[in-house]
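Worksheet: the structure to be examined is printed underneath.
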């Protein structure tokens, strides 16, 4: 039984607490640290048989009975808490992104390298049942040599313009998941990116200096090509599809829906829209990534996705940002001296 | 917070314990009664903060802090324990079937009638997301006047021939779910049934006096017709589909699958098979029925499906058995004197 | 090059003329007989290079250069013209039904037996690309031993009540296609039928002595079961689906649609309705049956569907009519003395 | 009745002859010019009642009874014959491409401008039922303001490497259809293209100086973005899909298949592959474009797609070629002085 501390009990922290309770039988939540201990957190703690409730995450880091922590605090604190936790000898699962800047990510990578413990990053989408099936088909050779990867990712609702400045921009906030997915699915690193953005959804996003619609083309080191398209608003729901094409075939995934019901009327044949909210689509994936993290800790397996993956996805997102701004293809070796 | 006792911790009992833990926040499992207290049960009890572990279900019935019990013991004990629990003033959720015989079911109905507490029966399929969507479309009027109901229900694997004698036969064991579904979806009672069975899957089932393949046609009081087809073995998985056709349209549901992945190769376009095991398909439905039971108890709502529904479905299954045996249509009023 | 005479140039006759022109290269339409030679017929004849236009079909039967005739005249004349044509030594393709009564059908069977020429009946649905794919999957053994056949056939619009008396009733007019399909798909004869009908679409149909909604259950000699459901009105279009289930799997066909377009909006995910009109769905099948008839004539192959198939389907439709009227299962051997 | 001359009776010429015969009732094929008058052409001519069979296309241009010609000769002759035909006062339908070079295309545009007759170009895909449905959804406003256009176009088999030098390269030979489709669907002109190619299918194609795999990103003048991906070989068949995303929703089209049959077995759920051959997919579109051409001639309507569309698609394909070669985005105004 792995003893776990949860650092941060906002929306995503509570998702992880609930996920451990219902489906990670070899983990016990020993402590929860949150700036405000709400009634909801107290109830969750009671269900979980949690011993420690604290406003100071360092209480958890100092507790020698805690094996691992899940960092679910605000993005800006991820890297610093990661380093402290690693130095305290705790296995770390850190929510995505580790940081919006490469310098801090590198600090975490370095701390993880010398720590001798596990460090996993929350690229939850890799653990979704559909992407898993896609990855399995590709890695088992069913599509042969990968020639083209296509990812479509559209939010159901745009963020408030206020959020934009702290988001790092669409490519770092949103496309970063798709860039990670290209690496995950293709098994190849990226050689060059070309990105274009447009403001078509909300002019306030444009005034805040960001785009809300984007397309990215990637040349992979393997020779394959990849295409990503993003939008901040799909009125029909959270749209998450992907396709990998290769020498032996093509595998694609479609959206999940609330039911398989199809209604045929004089007005048309109507089926369900995709889920609206990312948590409806990815809730099981949030649980699965923690399950695998706990297994990696318990059995000393390698973690399925680490800090180096976070660094590479961030680098790709930065290259996209640069490409869109300078309207030219950006080679990844421009960043190599970093 | 409703205090719950679980009677019986076999497969389905553990499904309910897990279901309450992960998704029925206003229920606490105060006690578990099981003939053998295994380590698995002890672990579950610890996660759930359960105070009482006993081999004697009457310990739970006597405990005044327990509001409601879930009866998950073997079928042959359902009716007797139901009556005892009702007499002890406990709200009861009883797994399906209440009994294979009408006499005992009537005893339960009578006990429930005088008890002043809730009595819900585990027709889990009514709570499945797909059947719920189907029912919603029908009851909201989207297909107009119902004219035809079709239900296809096929198991992935036949039971062992040993199980047959105690099962009540295919119509009472398997079709009973579909018969309940016809009532649920059509909103109408049944006037007449015509059923045919065949032994096409396993001759040992035939030697045990049962059939493994069946078709049922129903005339409903509303004038609508209904068709059911069953098989004990679909090699591609647990097959659960339905369709309601009416004056304004048609609504149908298809199977759930492990993922939406579709693989196109030189050999064909291949998508996922339906789930193999009924628990993969209906796990959320098992949770949802208990959630609604607890809500009915907590808020004094009527239960969504009661003992009278069990009696009617059992009666329909008996009529099917008689029809198949005597090779003639059987009117439901043949049973009216019972 | 087979020289063809067309007898009757109403809607279906013109469909066949057009079909031969565009896709039966080894047939030449030498003559057309029609009670009224309209301008449309004249234009068609000119395109086809047709030499003879006559109001008297016997002109065609006497013309020694004509090898084969297509009988597209009104139903009541099918049998008599068939016999005359066979006696004149012409190969005959006769539109369905050969007759609504068994006596006349038998006369045609007898005339065909002694004629030494081909006699094909227009069960066009057997030649539809979807039913052909279904049949191919079954006959190649891909579903193993057939255990269940299901056919759903719904018209988009009911006939005018005036048509009912001459139609023979829903089972002879509509279900007859599905009964033929059960034989075609299962490769088995029928042992017993049980049919139920209801008047749910149009009370005038009921007043004319017919039903507009029907369900049929069949026990096949092979032990398999079959289910058919019919409606005179599906508001979403002409609904033609089927499924064959067996020991090794299940194969099903869905409706054709005008396009594969899918529109996702805030209001739902909308795809195309099935075709509305039976000719939109079955036009290629009408051409394909004639192509195979001409090939059978040209190469002295057996015809794919003959007068005996018409007799058996008619017998099954009569058994359905009797079953629905007498509300009892009807064994096919009740008809054996005929 | 429009009198038509066919110039060139190779594969595509014969497709048009057959198409006119079976579905363009207001056209008569008066003459066919072909360098070799084969038996197959003679048979077609007989069916069509064609008066003139000649090896010299100028015989048709000089025949005053011929209203319109279809140019189906080799690509290299399209432009010159177009100009001659226009100068002879014939309405012209010219197979795609008009020419691989802009100079000759301009000559045709100029000749058409002064001719006073119709000039239509064979962008057949615009007339396909699926693309038509897509276009209708977009142009009727169902997806709102267009934000993203995606086109996937993959051949089932690569051309022989010998064909490559005369093809103009993948972008001019294959992508040109998709580039035209982006204009057709978006209703917007293109501002800038970025294209990447790779040799992943056949190294001989690479040695011939071409690519076999490509991706294109386009910025449209409207602010929308577009993505195209191409491959010379999809082992599962001819893959032709598209999607338009906008402020009110998303509309997509999928491949056509030979049937709707779905086979569920222990090995998986298998549906049909797309058609293998472009003529299976686009045969009705080849007929429809000629039908609309003849209607435009008969009623003096504007043609649905003209020489200027050919020029623009060619220009875009040239920009792609340049972009892929120079590895930089290419603005369309680089070409404006031409």
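All chains are identified by letter, namely A, B, C and D, in their written order; residue positions are counted from 1 within each chain.
Note that in this section a residue touches a chain if its C-beta (ideal position, glycine included) is under 8 Å from a C-beta of that chain, and two chains touch if they have at least 3 such contacts.
Note that the structure is a prediction, hence the values are computed from the model and not measured.
Visitor: Comparing A-B against B-D, which pair counts more contacting C-beta pairs?
Guide: Of B-D and A-B, it is A-B that has more C-beta pairs in contact.
Visitor: With chain centres defined as mean CA positions, report which chain is farthest from subunit C.
Guide: Max centre-to-centre separation from subunit C belongs to A.
Visitor: Determine the centre-to-centre distance between subunit A and subunit B, using the mean Cα coordinates as centres, and give it in whole Å.
Guide: 39
Visitor: Please compute the C-alpha centroid of subunit B, do the same for subunit C, then give the distance between them in whole Å.
Guide: For subunit B versus subunit C, the centre distance works out to 42 Å.
Visitor: Could you work out how far the Cα centre of subunit B sits from that of subunit D, in whole Å?
Guide: Result: the chain centres lie 57 Å from each other.
Visitor: Residues of subunit D that touch two or more other chains: which are they?
Guide: Within subunit D, the residues that touch at least two other chains are 234-236, 239, 248-250, 264-266, 272.
Visitor: Note which residues of subunit D are touching subunit A in the complex, please.
Guide: Answer in residue numbers: 145, 147-148, 150, 152, 154, 194, 196, 198-201, 213-215, 217, 219, 223-227, 229, 231, 233-236, 239, 245, 247-250, 327-329.
Visitor: Where on subunit B is subunit A touching in the complex?
Guide: Residues 18, 21-23, 25, 43, 46-47, 49, 129-130, 132-134, 137, 142-143, 248-256, 258-266, 272 of subunit B touch subunit A in their complex.
Visitor: Quick check on the complex: what are the subunit A residues that touch subunit C?
Guide: Subunit A residues touching subunit C: 234-237, 239, 264-266, 268-274.
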